[in-house]
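Structures are listed in the sections that come next.
Note that subunit A is present in both complexes that follow, paired respectively with subunit B and with subunit C.
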Partner chain A sequence: MVAVALLDIKDLTVEFHTRRGIVKAVQHVNISIGKGETLGIVGESGSGKSVTSYAVMRILDRAGSIAEGSVTFSGIDLRAAPEEQVRTMRGREMSMIFQSPRLALNPIRKVGHQIEDVLKQHAQADSAQLTNKAIEMLDHVKIARSRERYHAYPFELSGGMCQRVVIALALACRPQLLIADAPTTGLDVTTQKAVMDLVTELTRERGLSTILITHDLGLAATYCDNIVVMEKGRVIESATSTKIFKKPSHAYTRKLMQATPRPGSTLRGLLPEGEAPPVPQKIQMVPREQKPLLEVTKLVKEFPRKGLQASLSRLLGPKPAPQPENFRAVDGISFKINRGESVGLVGESGCGKSTTSMMVMRLIDKSEGAIMFDGEDIGDIAPREFAHTPFRRRIQMVFQDPTDSLNPRYTAARAIADPLLRMGGIKGAAAIRGRCEELAQQVGLPTDLLDRFPHQLSGGQKARVGIARSIALKPDLIVLDEPTAALDVSVQAVVLNLLQDLKDSLGMSYLFVSHDLNVVRLLCDRVIVMKTGQIVEQGPTEQVLFEPQAQYTRDLLAAIPHPPA
Partner chain B sequence: MMTAVRKLTSGKRAVTATAAAAVAKAASAEAKQPSGLAATINHARYVIAENPVTGFAFALFALIVLCALIGPLLVPHDPLASETTAALKPPSWHHWFGTDQIGRDVFSRVIVATRLDFVIAVSSVALVFLMGGLAGVAAGFFGGWTDRIVGRLADTIMAFPLFVLAMGIVAALGNTVQNIVIATAIVNFPLYARIARSEANVRREAGFVQAARLSGNGEFRILLGQILPNIMPIMIVQMSLTMGYAILNAAGLSFIGLGVRPPTAEWGIMVAEGAAFMVSGEWWIAFFPGLALMVAVFCFNLLGDGLRDIFDPQRRT
Partner chain C sequence: MLSVILKRLLLAVPTLIGVVVVTFLLTRALPGDPAAYFAGPAATKQAIEQVRAQLGLDKPLPVQFVRYVNDLAHGDLGNSLTTGQPVLAELRSRLPASAELTLLGLILSMSIAIPLGILAATKPGSIVDHVCRIVTTAGVSLPVFFTGLILVYVFYYLLGWAPAPLGRLDVFFSAPRTVTGFYLIDSLLAGKFDLFRAALAQLVLPALTLAIFSLAPIARMTRASMLSVLASDFVRTARASGLTRYTVVITYAFRNAMLPVITTLGMVFSFLLGANVLVEKVFAWPGIGSYAVEALIASDFAPVQGFVLTMAVMYVILNLIIDLLYGVVDPRVRIDA
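Right, the complex of A and B next:
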C-alpha cells in the first residue's frame, strides 16, 4: 500500500575482521519495510539477525564494517551519511530496544531523569515541560502511579517495568522506526505478552514501523505482518506471517517450526525427519516398595528482610531494631516424586521454584518442613556437610546456564570427571578418561571435543557437558533447572529428546523446573504450578494443561503466543 | 592505566562486541584447536605479534632476566673494585656509564645490581600473593568473619602512609634484604587482598561453583581448585604492576639508608650516592641507575596488559 519503503536494505554484506581472517556475518541481505509495517527477523544465534540491525543503526563494532550493499532510510543513504547526521537520527528517527532492560538503563539515575535526558538531547521539550513530558511517557507505556515511579531507580522496578521504561525511552522522541532486539528474552510469559501487546498498541497508534528480532518464530508470527527468516547470515525466506506458518517453503523454516514446541507436538516430532534416534530400550523398573523417591512436606524457606532502617537502628539506638518481617520465598509446599517419574515445576520468576530446587538439592538450608529422600530425612543435613554424605551422588542437577555452570578454565573432560574424581570411586587417569568418553557418547558429545575449553564449545555442546557431568554418578534424581532456556529451539529439541532417552535408559527421576509450559508438557508426567511460594495446582500433565482448575494456570496458558494457525 | 583505558573503551562497545564475539566463536568452533602448552605458546606468540608494545615489554623483560641471571659474567669490570686514579670520569669508551667517586665502573654496577633488585621484587611479590591473595580469596568466598578480619587488617595497613610504614618495619626488624622483602609485601597486602576478595566474591555463587559442590567438592577444594585459577589472570596483572612498585620501594628504602648497605651494588643506593655529585656536574653516577630503575618499572607496567591477554582463556579464540 505504501510505494516507497521507509527502510530499504539492499544486498547488505557485513564483515568482521577477526584473528582467523574475515568473517562474513551478513551476506547479501535484502530487507524492506514500509511505513506502519511490522517485520519479524527470525533466526537462531549466529544467524546475523542482530548484526543486520546494528548495521542499520550504524553501531557496529570497530572490527565490523559494511562491505557491500546499501541501507536507505526515508531517502537517506545511511552508509554514506556522516556520523554527525546519523547520531541525530538515532533516537529521533529510529530507536532500538535492547535485550536486557536492566543493562540498558543507567542504574544510578532515576528513570524519569533518564527519559528527560533523551528529550533534552533531541530538543523535544523545553525545561519547563520536561517533567510533565516524562511522566506522560511513563503513562503511555502504562506504568501505574507514574508520578511516583518517575523518582524510581531501575533496581526498584521489576524486569517487565524496566522494559517498559526502555520502550518509553525509545519512543520519547517519536521515531519512525523501532528496532526491538529480542525485547522479551528473560521475561515471564505473562510479562512478555503485556510488553508485546504494549509495543503493538503504541506502534499502531503512532503509525510506527517496527522490526522485531527474535529467535521465537511463534512470537514473531503472532505480532508481525511479515517475517524474514535468516540462517548463517543469509535471508532464506521472506513472506507474510500466515503464509510462513501455513506453507513454509524453505526446509530450514520447516525445521525451525517443527522444533518449536506447540500444543500437539511430540518429543520426537520436534526433530527433523530422519534424524530421530531410535527409541532406547526402556529399563525395567523393579516394582519395589511403592515408596516415593522424594517426598517434600510443608517446606518453608524464609529470608530475613534486611532493611536500611533495621541496620541503622541496630547501629545507633540502644533498643533492639523492630523485628524485621521475614520474606517467605517458599510457603509450605508438599509434593512427591516417584521412581522413574518426571515432575514439572512451573511458575514465573520469583515464585519460589528455584529456591525449592535449591533446597531439594541441599545447596541451601530450609526453614521448616521435611525433605524425605528414599525414606530418609535429608532436610536436616547442613549443605556444607551434604557433600560428604552418600546422598550427594544420588541427587544431581543440570543448571540453567550451560556457560555459567562450567568452569572456564576446565576442559570438558575435566568438568565431566569432577564428580568421578570426588565420589566416583574410580582410580587412575585412564579409567576416568574411559568413563568420560563413555559418558560423552551417551550424551552425544563427540569425544574429540573433550579437550576443549567451554568457550570453544557451542551452547548445545556445553549443555551436553553439563548433562554428562550430572549423570556421571548414575543418580536417582536429577533436578533440571530450565536446562534449555539458554538454547536455540533446534538445539532445545535435541536436548529434550536426549533427556527423555537418558531417563528411559537409566531409570532416573526428574524434577524439571521451567517457565515454558509447552516444554514441560513434552517431558513431564505430572506438573506442579507455583505462585508466590505456594502450589496453586498439581496433577497429571494433560489434566493441568488442558483442563486447568486454577485461574492462574489459565492465565499462564493464555499468555503463550498463539501464532495464526 | 592502560588496562583501565582499555576497559573503558571495551565497556562502551560492549553491545556490539557481543555480536563480534558470537561471530568469532562460530569461526573458532570450526577450526581445529591445539590444546595444552602448545596452545598457550601459540597464543602467546599471537598476542605478542599483534601488539608491538607487548612484544617490546617482553623483550625488555627477557633482557632484565638475562642480566639478573648472568649479569656478573657479562660485565667488563669488577663492580666493587675501586680505581682511585680513574674516579669521577664521564662516560667514555672504556667506562660506558663513567665511574663514581671512588673509581668504580657504573655500567658494571648497574648490570650487577639487576639481580638483587629483581630478586627483591620477585620474592616480595610472591610473598604478598601468598599472604594477600589467598587471604583475599578466602575472605571473598567464605564471607562472614574471615571477610571481616581480612578486611579490617587491610584497612589498618591502608591507614598508614605506606612508605613510612615500610620504613618503620625495616627499622624495627633490621637492615637486611629479607626484611625489605617482608616490608614491601606487607605494604602491598591491602591491594592484593581487596582485588582477590572482590573477584572471589562475584564467583562465589557462580554456576560452576554450585556444580562443584554437587560433585562432592569440599569448600576448600572449591576455593583452591575452582575459584583461584579463575582469578589468576587478574592477579598476574596485579603482580606485574606491583613488581615495578616493589623495585621502587626497595630502591627508595636504600636511598634513605634503610635497606641494602654500601658497598653492595643496588640501584637505590647508587642514586643516593650519585645525588650528591649532581650539583657539581657529575650527572652520570645517579642518572644511569635511575634510568635502569625507570626502564625496569616501565617494563613491568607494560607487561601486565600482555600477560592478561595471554592467561585469559576467553581471549584464546
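Right, the complex of A and C next:
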C-alpha cells in the first residue's frame, strides 16, 4: 500500500446533458493509483472507463461535467482547479495516449512539429534545441531513421508507428501519470505487443504511474498490477491482477473472463453458464468423396505501384532502388475449402488476406491463377458480371463493421430483404416479410426489432442483421471478414456461437478472415496463415496453433497477451 | 509542381473547346435577329438583308464557325455591334473593374465571416453563434440591389461620407496608367495617393454590398467545418497535451478546417465575378457582368461569346489555384497530384 496516492478519484459521478435528459455515464467511482503503479480499467463499451479518464484530464465534451466527487492529483483538487492550471498540468504532469493512433495525430502537420508543439508549450526546451529534442523523443520510442521520420506526416507512417509518435508526444514532457486509452485497438497482435512492451519499458524506466484502459481483460492482466472492472458506469470489482484471474468475485467479471477466447476455452464455454443453447441437429453430411467447394490455385493479385507507395520510397530513400512496376498483394496462393468446412485465414494487416477474400467474393479481378467453385471456374468472370450469374447467391459475405455495412436508411427488415429482392425469386411483400421473419428467428433477432433502423439497434443486433442478410439466399460459402472485430467480447461470444450453429444446421462453408488466432481456433477446422501475400503455413487448426511449424506462426502466437495463469 | 500545373492546363483544353462550340451554337439559337436590330425599326427587308450580309450572318453555320475560330486563334474576339469597339479591348478594361470589386468584396467578407465562423464553432449555442446565424441569414436574404441602395441612401445621401455611386472614379480624377488594371494597385504604383483614396472611396460601398451578400456561405462553411474538426480525435490529443486554446483552435483545428472553406471561397468568387450585374448597375460600375447582359439584350453575339469564354478561362485558372492551395494546406493532396 502506498502512503499517498498520486491520483485519487473519490465518489466520481460524471453527467452528460443530452436531448433526452441527463445521462450519468460514471457513477460513484472510487479509484486510486500510487506512484509507479500500473492500473488496468477494464470494461465493455459504455462502461464509462474512457469517460472516467477524460474527467481526470478535464477534457470532457462540452455536454459532460463532473457532478459529484473529487479528483485529486498529487494534492491538487482537479475538479476545483482553474482551467489554466489544469491545462499546464496536461502533458506535463499527466498525459494520455489514445486508440486509433492515426486519427489521434494532426493529419496535416509533420509529426516532428507536433512533438515540438508540446515541448514548446511546456517550456521543456529552448527553440534552438527543439528539433533535436523532438528527434531524441522519436529515438526513445524506437522509431528508426528518426531524423527522416521527423518530417513525415501521419499518413506516411504505419498504425504502429503513429502510436509510437503519440507515445512520444505523451511522454515528451516527462509526466508522472500516463493514461493509455485502449492504445492497441486496431493494431496487429505483434504491433500490439511491441507497443505495450515499449510503454511498459518507458514507464518503468521513468517510474511513471500508468492507467491502462481496455476491453481486453487478458491484456490488462498481462501488463497491470491492479485491475478495476467497470460495468454501466460503476466499479464492480477491484483487485490485483492475479487475484482477479484466479478468483473473480463478481458475476460480471466471471462472465467477461469466460467470454474472452483463450487457449483452452471452447466455443460453448464462452457463454455464461445456463445460457448455452442446445446443440442443434447437425445435418448428416453424406460422407462421399467429392470435389472441394472452393479450390484456389496459384492466385496472384498485383497492384500497380504508384501514388503513395512510390512517393513514399521517393521521400524516404535518397535514390529509390529500381522497383518492380507492380506490387504483389497476393503472391501465388493455393488452398481448398470443402463442403461444410470452415477455414480460417489469418495474418496481420497488409498480408493480403482481405485481397484474397475480395477475389474469392469476385469483387475484384485476379491477376493470375484460378478460382474453382463447385467444379466451375469462376475466376474469369468479371466482377461486374458476377452479380448476374447464379454463383452470386451461392457466395455471400459478412462484413467487418456491422454498423458501416448497413444502409442507415434501411430498416433491419429491408436490409435482410435486399438480396431476396435482387435475386431471391420471392414475389410479394408478404412472402418476403415472411422469409425475413424466418431469417430473423434463425439468427436470434427478435422479430419486433425488424422495423428498426440500424442506429436503434445494438452492436450485436446489427451483427445479427448482417448475418441474416448473408444467409438469406442459402449460400454454400460465406466469407466472414472479421465479423466480430468491432464487438464487445460478450457479444462476440454469442455471435461466434450463432455462426457455428448456423453452419451446422445449414451445412455452409466459411472462409473466416481474422487476425485473432484465439477466435479462429474456436470456429475453424483448418487454418491458413498468410504473410506478405504468401501462405506460410496451413493445416488443421489444432496442429497449426499448438505445434506451429513456421517461425512466423510462432511469433504470432507469442504476441497474444498471456495473462498470469 | 510545374508539371502538375502544365498537366492541369492541358486538361482544360477540351473544356475550353467545348465552351467555344457551345457558346457559338447557343448565341445562334438565341431568339432575336441582330440584323433586324441593327438595321433599325424602320428598315426595309432589303436593308435588313444587306446588314445580314455585312455581318456575315447569311452564311451557313459551319462557315460562320470556322471564321469565328479563325479570328479567335488570331486573338480577335470580334467587334461589339452596339459600341463598335473590339470586344477584347472592352473586356480588358472591364474585367479588372469586376475583378477588383469582387476581390475586395471577398476579402472584406472573409475577414468578417471566417473569424465569426470560428468563434461560433468554438462556442456553439452561445450568443456569438446566434449573432453569426442572424447576421449571415440577414445578409443572404437581402437582395444585393436592395442592400446596395440602402448603403447609397445612408452613406451618400444622408451622411455624405461616400462619393456619388458613379463608377470607378470621381469625374475630377483621371485613371492611372494601366499596369494591372486594378486602380488601387496602379495608383500606388504611380505614387498617386490621392488617386488611391479616391478609387478606394468609390470601391467601399459596392464591395461592402458584395461582402454582406457573401458572408453567409463562408461563415456557415467555416462554422460547420470547424465543428467537425473540433470534435475529431487529434484535437482531443492536442488538448490532452496541454496546448493552449489558441494553438488548438488555430494551428490544429482551423488549418484542417480550411479545405472546405477554400472550396467555398472559389465558388463564391467565380459566382460573384459574373453575377454581380445588379451591384454594377446600382453603382454604375463598368464591369463585365453588365456589359454581357447589355450585349445579350441586343443580340450582340461577339461580346457574349467573349464574355462566356473569359469566364470559362477564369474558372479554369481559379480551379487550378484552388487545387494548388489545397496542396499547400494538405500534404495528402500533394501526393495524389
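Basically, the second predicted complex is superposed on the first by the 543 of 565 C-alpha atoms of A that agree within 3 Å, B and C clash if a C-alpha of one lies under 4 Å from a C-alpha of the other, contacts with A are read in each partner's own complex, and residues count from 1 in each chain.
Keep in mind that, in the parts below, a contact is a pair of C-beta atoms (placed from the backbone, for glycine too) under 8 Å apart; a residue touches a chain by one contact, two chains touch by 3 or more.
Given the structure is predicted, the values throughout are model-derived calculations rather than measurements.
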item	value
Touching partner for A:169 - first (subunit B), second (subunit C), both, neither	second
First, second, both or neither for A:419, with subunit B first and subunit C second	first
Partner chain in contact with A:46 - subunit B first, subunit C second, else both or neither	first
Contacts of A:107 with subunit B and subunit C, given as first, second, both or neither	second
Which superposed partner A:434 touches (first subunit B, second subunit C, both, neither)	neither
Which superposed partner A:59 touches (first subunit B, second subunit C, both, neither)	both
Per-residue contact with subunit A, leading partner among subunit C and subunit B	B
First (subunit B), second (subunit C), both or neither touched by A:98	both
Contact residues common to both interfaces of subunit A (with subunit B and with subunit C)	59, 62, 98
Residue numbers on subunit B that touch subunit A, as the complex places them	13, 15-17, 19-20, 22-29, 31, 33, 35-36, 46, 206-208, 210-219, 226, 229-230, 313-314, 316-317
Partner subunit A, residues of subunit C touching it in the complex	124, 232-234, 236-245, 247, 251-252, 255-256, 329-332, 335-336
Residue ranges of subunit A touching subunit C (in the complex, touch as defined)	57, 59, 62, 87-92, 95-96, 98, 100, 103-109, 117-118, 121-122, 153, 155, 166, 169-170, 307-308, 311
In the complex, subunit A residues that touch subunit B	16, 18-20, 23, 25, 45-46, 50-51, 54, 59-64, 98, 361, 363, 383-384, 387-388, 392-393, 396-397, 399-401, 404-411, 415, 418-419, 421-423, 451-453, 455-458, 466, 469-470
